[in-house]
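Multiple structures are listed underneath, in C-alpha cells.
You will see chain A twice below: alongside chain B first, and alongside chain C after that.
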Partner chain A sequence: MPDIGGIDLFVLEFGDILHYYTPYTTTLFLLALIFTALAIVSRPEGQIDIAFGGDAYYAKETTLPEMRFRRFMAIACGLATMGAMGSGDLFNFTLFASLVGITNVGIVAAVKNRHVLNAAYEYGIVAMVATLPLFGGAALILATTGTLSIPALAAGGFAVPFVGKALLVLGVIGEGMAPFYAAKAEMFRAPGAPYVIMCSLSSLLIFLRVVEIAITI
Partner chain B sequence: MIEYLVFAAAFGLLLLGLHRKVIARIQMRPGPPVWQEILHALKFSFKSTWVPKTASATLYIGVVLVGIGIWSAALFVVLAGESILILFAIYMLHKVVEHGFGLSSGSPYGKFGGVRSVISAASEIPLFVTISAIYLFTGSLLLRDIIAYQGVHGPLLLIVPPVAIAMYIVILSKMPYGPFSIVESKELVSGYKTEHFGVWRAGISVIDGLKTFVLLYAFVAIFIGAVPFWAALVIMTGILVTLSFVCAVTPMLSPFDSVTIQGLITGLMLAYVGYLWWVMP
Partner chain C sequence: MIPAYPLGLLVAFASAGIAFFALMRETDGLHRLLLTDLIEVVTLAFIALVGTDLAEALILPGLVVGASELIALSEIYRIKEGYTRPPADSLQIEVMESAPAILAAILVVYGIVLSGFSGGAVAGLGVIFYFLCRDHNERFELIETASGYSWVLWIIAFFVFMIFPEYWFFAVMLAGSAILVKVMAKMSLIGTMRGGPNA
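On to the complex of A and B.
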C-alpha cells in the first residue's frame, strides 16, 4: 500500500470489512470528534443582524425545539463524518458521504428564514445530483476490479479505472466543495454557529479523505 | 518540544512584523517596528479578557484552542518529516477555525468574515494539485522521502517550478494585507477576528505566528530540500520579503474577483498536472 498518510496505527475488523486509521485519517477523525463534542456542549450564539436602511439592529434567537433538532442533526453529521474517515470500504465511504449531504441540509432545515431555506434547497439538489457520480464511481471500480476494499485495491494487482476515481472525487466535491459550494456558503448565514460549522467541517473532511483514497488505490 | 513551539510562534510573529515593515517602506511610510506583532501578542495576553454576551461561549473559546492545537500539530508534522497530506489537511481545516471565530461571536462583522472564509475555499484546491504533482515525481508524500528525493535529483523548485508557484500563491492567500485577504478586510473591521479580545486575541496571534512559520518552512523543505536550520530561516525570510512586495503593490481584490482568480489558478494547475501525468512514463 503506498505510504500516503503514514503507517497504519489501528485496524478495526468487521468480518471482511475493516476500518483503518493512519496518522492522517486519525487526525481527521479527531477533528471531527472535537467539533462534534463542541456541537454537543455549546449553546447557539445570539446572532446580531443589521436592519438595512437605518441604524437599527436586531438579535436572532434560536428556540429550544429548533436547537434540539439542529444539535441532533449536527451530531449525526459528525458521526457520519467520523465513519467516512476510517472506512476501509469504498461503498461504506460513499454511504457516509451521502449521509453527510443529507445531514447538512437537516442542520439548517429547522431555521425559519426564507433565504437560508432557499440556499438549503439549492444545496440539497446539488448534493443529491452529486450522489450519481459518487455511487457511479464506486460501482465502476467494483465492476472492473471485483472488490470495494480500499486496502485490497491499494495493495496493487488491480487496474483501477481513472474514470472511477474521478467520478468518486467529483461526487464528494458536489457534496459541498468548490466550485459547487455557492449555495452552501449562503446556508452559513443561519444562526447556531456550533451546528452550522459542522456543515463546513464535514465537507472538508470527506474531501480530504477522498483525496487520500484516490491517490492510494 | 515546548521550546520548538515558542521559537516557531515568536519567529513567525517576527516575520509578520517584518511583513508590515516592508509593506510600509514600499508605500513610503515609516511603519511599525519589526517586533510589533510580538508586542501585540504580549499586550493582548495581559489585557482584560471577556466573552461577548451574544457569543456561543464554548465555541468562542474552544475554537482558539483548536486553532493553536492544529498548527502545533502541523509544526511537529513538518519537523518529524511526516506526510504533507496531514499538513495540507490542517491548512484546509484552518478555514473551519476562521469560520468558527467569525460565527461564534454573533457579530455581523465576524459572520461576514466567516462567510467570506468559506467562499474563498477555492484557494485550497491548488494545494491538492501541488500534492498530486509532487507525488508523480517522488512516489511518496512523506516529507522525509521528498527531501531524500531532492538530495538525489536536485530541488523540486527547479524540476517543477509551476507547482512551486502554485504553493507560493497558496501562501500568499494566507498573508495579511494581501490581494486575497478578504476575510479580514477593513470594511468588516477585522473580519472574523473582530470580536476576539484579550487573551483570545493573543491566542489568534500565536496561531498566525505558527501558521506563517510552518507554511514557509514547509515550502523550503518541499521545494528546496535539506538545508541547515539557519539557512532555512534565511530563505524563509527572503520568501516572506517577496510576498510583502506582492502585497504592497497589489490592491485587495473584491470577494468575487478573489475567488475568480483563485479558480483560474486552479484550472491552470489542473491542466499542468494533467500534462505531467500524460507525459510521465
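On to the complex of A and C.
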C-alpha cells in the first residue's frame, strides 16, 4: 500500500486505539491549530451592506452573547478537526467528521438572518444524511476486515473493500465538499469573518485527511 | 442457504434507497427533518449488522451524533419558522396527579438495583415521568452538576481499569454507579422540555 503520510513522528496509544501524526497529518493539524488560535484571539468583523443606488449603508453588529456562542462553536470545530487529523481509528475519525458537521451548523446558527438559517438547515440535512455513507463505510470495513485501526489496515494483509472506502469518502464529501458545498456557500452571508472561515477550512482538512486514509488502507 | 450479513446489507441498502427517494420527493421542511431520522436508523442498522461486541459499543456514539444533529436542526427550524411561543398546559388527567410519585419511586428503586447503563435508563424513565406530570420548577443546575461529577467519576473508573487493573472490582462499581447517576440525570431533563423559564 502506498504510504503518502511519511514516517510516524509521534504515536499516542490507548490500548489498540491510537493517535498518530505523520508529516502530512502534522501539517494539517498545525493549520487547524493556527486557525483555531486566530478564532480565539480575533474580534468579529463589522459587516457593512451598501444600499444600491445611494449613499445609505447598513452596518451589521454582532452582539456579545452571539459572538461568544459563535466563538465557542468555532473553537469546538477546530478541536474536532484536530482530533480527526490525528485519529488512528476509522470510527473515531467518522465521529470527528460528523462533529465537524454539527459545529459548522452551530457557528452560523446564532445569526438571526433568514437566508443564513435556511442555508444552515439545508446544510444540516445534507450533513445528517451524509452520516449514512460515513458510518456505513466504517461498519463495512469493520465487518470485512475485523479491525478499525488505520495503521493495522495500512500494514496490509486485509482486503479492504472498495465500496467501504468509497462510502467513507462520499460521507466526508457530504459534510461539506463540492458538490454539496453549494448548500454551505449561502451560510457565509453570516457576519463575523473569523468564525465562518472555520466552516470552510474544517471540511477542507477533513477531506484531505480522508483522501490519505482511503489511499493508505 | 443465504448468508445473513449480505442479506442484511441488501435490506439496509434497500431501506436507504427508499429513504433517499422519500427525501427527494418531500418538499416540506419539517417532514424532511423527520425523514432524515429514517436515514439515521438505517445508519445504526449498518453498524448493528456487524453483530460483535465492538459494534454494540459503536452504536451508542452513532446514536448520540444522530440525536445531537437532530436536536440542533430542530432548534434551527424552530427559530427559522419563528415558533417562539411555549406550548400551553393542556393535559388535565387525574392519573397524572396521583400516579407519578409511586411509579417514579418504583422505577428509580428498580433502576438502582439494576445499576449501570440500563439501570440509569430505567430510573431516568421514572424521573422523566415524574417531571412530565408534576411541576418542573426544580434546581436544574444541581441536576446538571451531579451529572457532570458522575461523568468524571466514570472516566476515573476507566483510568483505574487502564492503570491499576488489579482494582478492577472497585472500578466496575464506580463506573456502574456513576453511569447510573449520569444517565438518570440526563434523561430527567427530557421530562422538563416544554418551554417556559427553565427550557
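By definition in this document, the second predicted complex is superposed on the first by the 211 of 217 C-alpha atoms of A that agree within 3 Å, B and C clash if a C-alpha of one lies under 4 Å from a C-alpha of the other, contacts with A are read in each partner's own complex, and residues count from 1 in each chain.
What we mean here is this: a residue touches a chain if its C-beta (ideal position, glycine included) is under 8 Å from a C-beta of that chain, and two chains touch if they have at least 3 such contacts.
These numbers were taken from a predicted model, which means no experiment stands behind them.
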Looking at A:113, would you say it contacts chain B, chain C, both, or neither? Reply first, second, both or neither. neither
- Who does A:34 touch here: chain B (first), chain C (second), both, or neither? first
Which superposed partner A:139 touches (first chain B, second chain C, both, neither): second
Contact-wise, after the overlay, does A:215 reach chain B, chain C, both or neither (first, second, both, neither)? first
So in the superposed three-chain picture, is A:44 touching just chain B, just chain C, both, or none of them (first/second/both/neither)? first
Between chain B and chain C, more residues of chain A are touched by B
Let me test your reading of the model: by the given contact rule, A:101 touches which partner, first (chain B), second (chain C), both or neither? second
On chain A, the footprints of chain B and chain C overlap at residues none
Given the complex, residues on chain A that touch chain C span 14-15, 91, 95, 98-99, 101-102, 105-106, 109, 112, 114, 117-118, 120-121, 124-125, 127-129, 131-132, 135-136, 139-140, 142-143, 148
Counting only contacts in the complex, chain B reaches chain A at residues 53-60, 62-63, 66, 70, 73, 82-83, 85-86, 89-90, 92-93, 95-96, 99-100, 103-108, 111, 114-115, 118-119, 121-122, 124-125, 128, 131-132, 135, 139-142, 145, 263, 266
So, in the complex, the side of chain C touching chain A is made of residues 5, 9, 12, 16, 20, 23, 29, 32-33, 36, 39-40, 42-43, 46-47, 49-50, 54-55, 58, 61-62, 65-66, 68-70, 72-73, 75-77, 79-80, 162
So, in the complex, the side of chain A touching chain B is made of residues 2-6, 23-24, 27-28, 31, 34-35, 38, 41-50, 57, 59, 177-179, 181-182, 184-185, 188-189, 191, 193-194, 196-197, 200-201, 204-205, 207-208, 211-212, 215
